[in-house]
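Alright, structures below, take your time with them.
In what comes next, chain A is part of two complexes: it sits with chain B in the first one and with chain C in the second one.
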Partner chain A sequence: MKTKISRTLGTIAIAASLAISVNAQDAVEIAKKAHLNYYYAANDGLAEVSMKIVDSKGNERNRRFSMLRMDEADGGDQKYYTYFYEPSDVQRMTFMVHKSAAGNDKRWIYVPAVDLIKPIAADDKNSSFVGSDFTYEDVSGRLWTEDNHTLTGEAKLNDRDVFILESKPIKPYKGFSRRVSYIDKELYLPLKEEFYDGKDKLERVLTAEKIETIDNIPTVTERKMQNLQKNRYTVVSFTSIKYDLGVKADLFTERYLKTPPREYIK
Partner chain B sequence: MKERIVGFAIKFPWVVIGITALITIFFALQFPKIKIDTDPENMLPADSEVRLFDHQTKEDFGLSDFIAVGVVSEENAFTPDLLNRIYAITDEIKNIEGVIVDDILAPSEVDDIKQGEGGVLIIEPLMSGEISTPEEARYILARIKENPILRGKLASDDGKAIALFIPIESKSMSHRIAGEIKEITKKYGKDEVYHIAGLPVAEDSFGAEMFTQMVYSAPAAFLIIFLLMFAFFRNFRVVMVPMLVAIVTVIWSMGLLILTGNTVHIMSSMIPIFLIPIAVLNSIHIISEFHDRFSKYKHKDATIRHTIGELFLPLLFTSLTTIAGFASLATTPIPPVQVFGIFVAFGVLVSWALSLTLNPAIGILIPDAALRNFGRSDDKHGVMSKILHRIRDYSWKRSGAIIVTAVIVAVVSGVGLSMLEINDNPVKWFKKSHPIRQADIVMNQHLAGTYMNYLVVDAGEPEAIKRPEVQKYIESLQRDLEKDPIVGATTGVTDVVKKVRYELFGADSAQMFIPKTADEVGQMLFMFEMSGGDPEDLFKFVTSDYDRANLWVQLRDGDNKAVSRVVERAEQYLRDNPPPTGIQAHWAGLPYINIEWQKQMVSGMRTSFLSTFVIVLIMMVILFRSIRWGLISMLPLTLTVMAIYAFIGFIGKPYDMPVAVLSALTLGLSIDFAIHFIERFKMNFRRNPDFKEAYHEIFEGTGRAIFRNIIVIAIGFVPMTFSNLVPYVTVGTFFLAIMLVSGMVTLFLLPAIMKQYHRSLFAVKKTVVNHEKVAAN
Partner chain C sequence: MYARKNILVGALLFLMAISAEKVVSAQGIPINGFVQGLWGGRLQEKNPTSSDYTASEVRLQLRMEHNADIAEVFARADFFNDEVVAGGNDWELREAFTKFTLLGKVDFKVGRQILTWGTGDLIFINDVFAKDYESFFAGREDQYLKAPQTSLRSEYYSPLGELALVWTPRFTPNRTPATGRFSYYSPMSGDFAAEPFEVPRPAETIRNSELAGRFQKTVGGMAMSLYGYKGFFKNPVGFDFVTMAPFYPRLNIYGASARGQAGGGVFWLEGGYFHSYDDQCGGKPGIPNSNIQGLVGFEKQIAGDITANIQYQAEKMLQYNRYERNLVGSDKEDEFRSLVTSRITGRFRMETIILSSFIFWSPSDADWYYRFSADYKLTDNMTVTVGGNVFDGIRRFTDFGMFQLNDNLYARATYGF
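Then we have the complex of A and B:
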């Protein structure tokens, strides 16, 4: 009797540990797949982005810009080029990021009023992107290898089947202590992400408001980031999306900051 | 009527006592519902324009009230050890409930815009982790000095002082949070000194300490008054009666105040302190009279009837004048002062009613045996009487000299009054030795100031703040304001623009100017947001649609006088330098609110005082049925008010909120002695129309009652003068001064005038008396 019980317990233990490792495997896979779909769609891409920032008092601020992206390799280095149209006084301002998978990103900004290019620091990835509720990292992505992932369950979200994934930074990180992602099982895109702060209080919630298929690529074309603690939010919508334009790498150099590439930027 | 009331009280003492007890229990049951409010902001009605604008400004620019924490090390505050400990302190402060973590200003919390390697623009915390070398510490100080947004605010240029600004969700939390911060600094502190300052802490702590004061000073005054009365009358049971009347009066008034939903404010917390002496004053006259007559009548019933009959009119009028004095406060535009005035007036009414009902009711129940020796001691040969007789003879002989002296005192007082300076500062409600005052002194010596005012520049339309002419106007306004010695720093959106421009051009100070186009201004501000600057930091200086800018004007001095000067300076500048079209400027901030309510208080108190003066004069004319006597009876009051306020003017004590409100008390109390003195004098004279005899008579019973009152009230409030809180000291001193001055004027000047002019004053009266006699016949 006694042996039978211990044998049974042993079997359960082995099964459980197997399940955990399978789970961990799955979790990392899911995280990676979702990351690549979300941040590395096609080899390059262009979109016109409208951003609406709404503060706690309901005041609205708008920004409009074109964003050009080129991947060197999936999950590897990337280059971003941003050209601002609005607010009108910053029209012709441009902004460039060389994102490095190894971790030392570079950023430059061109200030037309004084005709000056200035490199700006990229150490703090958690800082706000153009004053919105998105951080730089939310825009260009945080590599899945920087966090430990656990599959904590499955559920339905807006009638879609989702994996629930919990990610914790491997190295202590100011941006969040815990992130819970709801990843569409079919599209492998995050429909919702919850960011918890250092005190494990829910701080920000990212939601995919609209998903469209463009050039056969499912794309989140409207995203909303809410900051629950500051009671404000930002909505970005992407239009005129184009993929695989064959953008060349030399476009992402200082020269083009002053004179935008007319074939992409109107 | 009076006979009927007293008769009832004597016939059915237990009914009177029972009803009084029931009402008292009812009011006492209200006490647990007490609501406390110590916010001086409530000196202005909640819907006053100044307050509404202040709240709107705080909301529009995301501003909060803050606690200023100062760290001072006379050698050098910028050492790795101290900075690391301040880092740890800041980290712990973040965990305190009610602290707005995002808006803390501290080396580890504020962003610095600077040049990184290869000319990279960086915005990152001034101190992003623990440091280990003196060079790093020096570098942090250098960065603060190079940043117009932080300079002077976060550290003194000599590096001896560091300030942390801790924003809090509500002013009413500041006393608690300041206490928790103190604990944290104790844990980490070494040789350096920590200070906690700022108006919210001062205001909230005052409230907290005020109630501790109340717990001590009211009972202390009560005890001393009791002991002095016992010394005079030597009968425990008799002396208990007025004390009981005082307690019941306080319970009814405070109970009604709480029942009607009023909050106990700095002012209303003083109601008991005001009511105790007023209630006791009436009783001393009653007991004195009873004491003097008891040996004559030897019958309680008759003595009580006689006493009340004799004192009814004076008691009615002294109560009416006091009620008028306090009720007039209801006409001031300051809600807490109104509440204070109304409920003290109510208390005076209660104490008057009780002294006619409860007093005789309890008096009749005191067994005759207990009164066997009461009144037997012959007062006429006591020390008190000896002094009174000297005064009597002196006033008689030197009546002319006394009148001349009074005139001189009045003239000199006029000079003192002209020296009165209107000023107030809630921080100065604490004595100089108090930690809050010390913090205020030290921090304002080293840093840009602990008082924050805001000047909102409204340009009328969106984006207008970005216009270079508007930016330049704000900048030159800043430079002008900074010329005032108490303006420690001004910070505005202009400083952000210039600082970004300076860093954009590789820390080139030649480039640190306001751009020439609105686009460039916009791009500089966008740069700030692009390079990691927190937009919420920016929007503390400007609205997000750029129609209004908020200039932080940091002051080293919170005296209303000083703040008014800065406000006036800004107005002058706007007049002399007409701003670009459509621009208006308005002030917000706690120091500004304080000067606004002071303005209202000063004008309100003036009207209330002058109107009460006239009302009291009319009452006196009615009481004495003579304009001349009415005017004479006003002399002690007038001279007392003049002398006390002149003294305040001479010693340079500011005319502040407590001093202003005390004019009502002075008015209400200073007339009392004169009423008793003149009314009883005339009564004596009517009975026996011999001036000299009446003159002698007044210095017996009435003179002793006045004398006892002077002693009891003046000494009873001496403990208050040892308080840590200046308003309490002021109130205690006022009681002393009112009693001494009005007592002296009553005992010297009134007899002197009567003696000097008795032929005319009493000749007229005589005929009236004769008429009455004829009529009676």
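Then we have the complex of A and C:
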């Protein structure tokens, strides 16, 4: 009698843990797919980016730059090249990132007024990108393998069916303690992401404001990041998007940091 | 009176700039730039300089660029009213160059340009391009530390590495602070002086042109470079006892550097052998001896908003006993010299407030120079800056000790368009 009960309980426990692992597997797959769609679209990409930063008093600041990206492998290393048009004090500056999936990213800046190439000593991926509410990591992405994912439910968001995914950093991380993503079931793109701080208070909310299909690739062309605790936000919009230009790796070197490749950057 | 006129001119230029949202030339080439006012005052009353101001100037910079398929053209000129030294209106072509590529492998940049290489942060060993220490001490923007020169730069890219050659037909020296704006210790009089001095440049011959080269190769993320230079000391460090006048002695430099990322930061190493061509045996009293120099530095982001670096530079004079034997006067330099520097930069409130501190301290010379600034970006276009420069030294003839009467505070306002 006793053994029968324990055996039954055991079976239930195994079934439950199986269900959890299947769920976890799904969750990881969803996270991976969304990450690749969001950050690794095509093999390379070029866009003109406008950024509007609005502080708690309503003061507005604007940035405008071109951004060129090349993937070495999906989910692997990437290279980014940024050329600034506005504001005036950063005009003609260039910025390059060699993103390493395994180790630390490398960053360089070129200041044309003094013809200076400078590697940037910045290992903190959570620092603000050009004074906006986006961090460097928001721009280039946090690998799905750095978090544990749980599928917590499904819902409708703006008339779209979404998976609700909760991600918690595997290693202690100051960027967030918990992130809740609402991922479009059809497009596998995050429509909304909520970042919770160390005290589990909602800190930042990222929303996809506009999605367009460019070269058959669904692309989030307008993103908004709100910082609820600081009562400020940043909106970025991407225009003149081009994919699969056949960008070569040697473009992401000091030579082109000094002399922008004019076939891509006007 | 003068200051009032200056402010009026500034206000007028400022209004012109903000009323012209997008300035475009007749050919449709956009024009950008800034209008800037700078005012600085001395902290020491006893001073041989004639003005209490270290700066009182208004500056308009205009930039234009044109990118054609075959070449890129860029020009930038400053129009300024400087009341401390120039005493009125003046202008300078900061840059005007064209860039083009031949055979896909060689990049040329020809014309008036600003050049930089080497690894140090405000310490230059192999960077032999013209500097402007007058601007640096007066509170002008950091970009003014680099003075323009008319040169031809070619860069050849191959799988083996990158070879850059810079030919400057006419020797372009550093701009010294001895323009009347700052006082300095004069070994001639044995006291502080403020008289501007003009030093004749070497004759305009091909032999007197400057040639600088660098070969660079990136290995495992580390940029390794070799350098060479044939030209002159960039400061008038020679003294002719016959004509009793300073001059630029000949100099060759051979050096190397490495820079890479490690320990969550950036580190750099650089060294150079300064071959004093006009005094190869080290016995001429009016010409510096040859020396060797080394530099090591490390920079790291120490908090989310704060980056700090530290550098150590050492220098050894060669043939020191001959220097000692032939020394004229009592201002004796040390055989070994060292310099420690540290920069701390904080960027706060989403990079709208930037605080910067930079200290140079020489344990061997027992002198130091401290510069600090605070920038506040009111809008994307408008930045207000306050800062200062403080010098001190035990001895009067050392690098920073000689400027010890020039402590100043300044305020700067910039409107970019």
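In this text, the second predicted complex is superposed on the first by the 250 of 266 C-alpha atoms of A that agree within 3 Å, B and C clash if a C-alpha of one lies under 4 Å from a C-alpha of the other, contacts with A are read in each partner's own complex, and residues count from 1 in each chain.
The rule is simple: a contact is a pair of C-beta atoms (placed from the backbone, for glycine too) under 8 Å apart; a residue touches a chain by one contact, two chains touch by 3 or more.
Computed from a predicted model, the values in this text were never measured in an experiment.
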Using the overlay on chain A, decide if chain B and chain C clash or can fit next to each other.
clash
Output check: A:R262 vs chain B and chain C. Expected answer is one of first, second, both, neither. What do you get?
second
Does chain B (first) or chain C (second) touch A:F95, or do both, or does neither?
first
Does chain B (first) or chain C (second) touch A:N104, or do both, or does neither?
second
Quick one: is A:A155 in contact with chain B, with chain C, with both, or with neither? Answer first, second, both or neither.
neither
So, A:N62: does it touch chain B (first), chain C (second), both, or neither?
second
Touch test for A:S128: chain B only (first), chain C only (second), both, or neither?
both
More residues of chain A in touch with chain C or with chain B?
C
Mind checking 62-70, 134-142, 152-160 or 278-286? I need the stretch of chain C that runs into chain B in the superposition.
134-142
Chain A contact set shared between chain B and chain C covers 55, 59, 61, 87, 89, 111, 113-114, 116, 119-121, 123-124, 127-128, 130-131
For chain B, which residues count as touching chain A in their complex?
59-60, 102, 116, 118-124, 463, 466, 501, 504-505, 515, 517-524, 526-527, 529-532, 534-536, 538-539, 543-545
Quick one: which bits of chain A touch chain B in the complex? Just the residue numbers, please.
55, 57, 59, 61, 87, 89-90, 93, 95, 109, 111-114, 116, 118-121, 123-124, 127-128, 130-131, 230
Listed in rising order, the residues of chain A that touch chain C in the complex are 53, 55, 59, 61-62, 86-89, 91-92, 104, 106, 111, 113-117, 119-124, 126-128, 130-133, 232, 253-255, 259, 262, 266
Interfacial residue positions of chain C with respect to chain A in the complex:
32-34, 63, 65, 67, 69, 72, 99, 101, 107, 113-116, 142-143, 145-146, 155, 157, 162, 216, 218, 221, 223, 259-261, 264-266, 299-301, 304-305, 307, 309, 350-352, 379-381, 383, 414, 416-417
